[in-house]
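Some notes on the structure that comes next.
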């Protein structure tokens, strides 16, 4: 059987100049359930799909609060994510202790990425098998970062990672430019819509208050996780607005100047 | 016993020292002032030593106390500012952050029973609003913000004058005059001061520290000439 | 590379029978897979330009930064694996700080790159680490005047008048050789380097890309700074227009 001899060791380069172990770690991110991040001019929203191993088990946590102004959504190995999460919390605390100021989101993303890089270069380590979406708000405004096992990190307007995230990405690519001016409530709905794209193609296929959780942070809002029964109203709103949309599409011919459908009954939360 | 075989003694007094620094918060920035003398006890050791430094575009710093300790603090701060420069991420370090950073440095040293023998006055503006910021840290790590700050002998001589002159709407231009007057009075009253001073102003436009200049002084007040005792009208 | 697959190319602590260390060569391959980076030393300073390839429209400008600062007067451009590059940059900053602590003045470019090269070389010596997958172009301006260096994954360090690395380094080198560097000012070099990157850029493979540039020159007060964005945009537009015109001419010749 063919065996790639360059892919078992983190310190081995392939003749093509690739690092297979790092690439495999990137695959671990794709095994995790999907998470979506979207950004407006004032807020960032993360939407996540939670899995459970059995009917009797609780779902796996996907959202972690790091500091008042910052949190993460994870895809991949949860245990690895907890290590990174703890590191991030410590870094935020240290920064705040020294400067009495919240840590800028970009600097934390850089810090985490540098930490990830270190474990791609030593035989005694393996790369972290987890991708993060980092959502935060600082003096420069809202930020959405993605960090990878490879030690790369990027800032995005919108992004999705994890299993079947491609369909969410396709949705986001079509719509992300419209998000800039959205109110928080509408932004949340957009995030859930994008997330729904990742389940609609599979059989187990529905977002419920059990398997969906979101978080937001932004101007005037500290990092807040919304899950369980609290998320139900959003799902309902989404369902209603979809119903309306379908009706509208049927009526488009005879109602040309129909205004664009907007969910008016979006739940308000403070 | 102190200084026994197992015990160790760190700095218990400063040697080469600067006297008062004063600062006033204004509506559109902040003004700091200090003379340029460092003394070795009562000896005027060096009369052209800058006791004010420009930390960043938005922040200045003045010190009183041990000069060598201040040099150490200064290089720490310069290092911090270089690493900020290298980040190049458009997040200017706020004066408050610099103040707090120094407070941690001072408190850490003090907790090692080896304090940096200084009082530091931090003046700056908030880059976003242009509002002034004025804070102090001392050798114990004590830190606070205030509208007017004076260290050393200035606490007795300058602070009352600053309090009297302060208005929330006082401008930097007016504040500069007040600071200059205070430095003059300090020169009259404080034997460890001289008449060569520097003034640092921080506004939205930037931080600027003047070259050392000489204060205009007048010594022909009646009491200065005669000596106060000769015309003392009190009964004791 | 006849020794591929014979087992002599799996560890940096193994020589092949013909006396090569393949692992280091492979690491250099990864630089050649990445966007092109060029640098030029001019009469009044140094300019570095890097081609930054994007894979998503949703990524924000300024992500994947390849231009970094180490000291007020030293800048670094990275070609190859960016995370590795950042590690090099961190090391440079550490060395710069250490030098300042000891000698009380900013580190000279020459000293800094020497230490960086030594650090990079260390990672080619042991089985338990891998070589860096990136090259660093270092621009410095100090008492010795403007300097341009390149440190490669093998730990090799050279000083250059102009250099290129990355995907299209051969083509870029040819273009750089045409420049009269002694007469060029940095401002002019911005245009020339932009042209080089635009010309070697393969728009069929990598659609989205950004030009990132730094300079250390008289105009920037001998400090390392980003080249102002307007200047880059202008230079890029001029270069692209020229390229389009040439392409049109070629088409006409063909007809």
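Should a chain be cited, it is by its letter among A, B and C, assigned in written order, with residues numbered from 1 in that chain.
What we mean here is this: contacts are C-beta pairs under 8 Å (C-beta built on N, C-alpha and C of every residue); 3 or more make two chains touch, one makes a residue touch a chain.
By chain, with names taken from UniProt: A = Proteasome subunit alpha type; B = Proteasome subunit beta; C = Proteasome alpha-type subunits domain-containing protein.
Computed from a predicted structure; not experimentally measured.
Student: For this structure, which two chains share the highest number of contact pairs?
Tutor: Looking across every pairing, the one with the most contacts is A-C.
Student: As a test of understanding: of all chains, whose mean C-alpha position lies farthest from that of subunit C?
Tutor: Most remote chain from subunit C, centroid-wise, comes out as B.
Student: Averaging over Cα atoms per chain, report the distance between subunit B and subunit C in Å.
Tutor: Distance between chain centres, rounded to whole Å: 45 Å.
Student: State, to the nearest whole Å, the distance from the C-alpha centre of subunit A to the C-alpha centre of subunit C.
Tutor: About 33 Å, centre to centre.
Student: For subunit A and subunit B, let me know how many angstrom lie between their CA-based centres, rounded off.
Tutor: One centre to the other, that is 49 Å.
Student: Which part of subunit A faces subunit C closely enough to touch in the complex?
Tutor: 5-6, 9-19, 110, 113-114, 116-118, 120-124, 150-159, 169, 172-173, 176
Student: Which part of subunit B faces subunit A closely enough to touch in the complex?
Tutor: 87, 89-91, 93-94, 96-97, 100-101, 104, 128
Student: Going by the contact rule at the top, pick out the subunit A residues touching subunit B in the complex.
Tutor: For subunit A paired with subunit B, touching residues are 97-101, 104, 106-107, 138-140.
Student: Spell out the part of subunit C that touches subunit A in their complex, as residue ranges.
Tutor: 1, 4-5, 7, 9-12, 22-23, 26-33, 56-60, 62-64, 81-84, 86-87, 90, 123, 127-131, 133
Student: Which residues, counting only subunit B, touch subunit C once they are in their complex?
Tutor: 75, 79, 82-83, 85-86, 88
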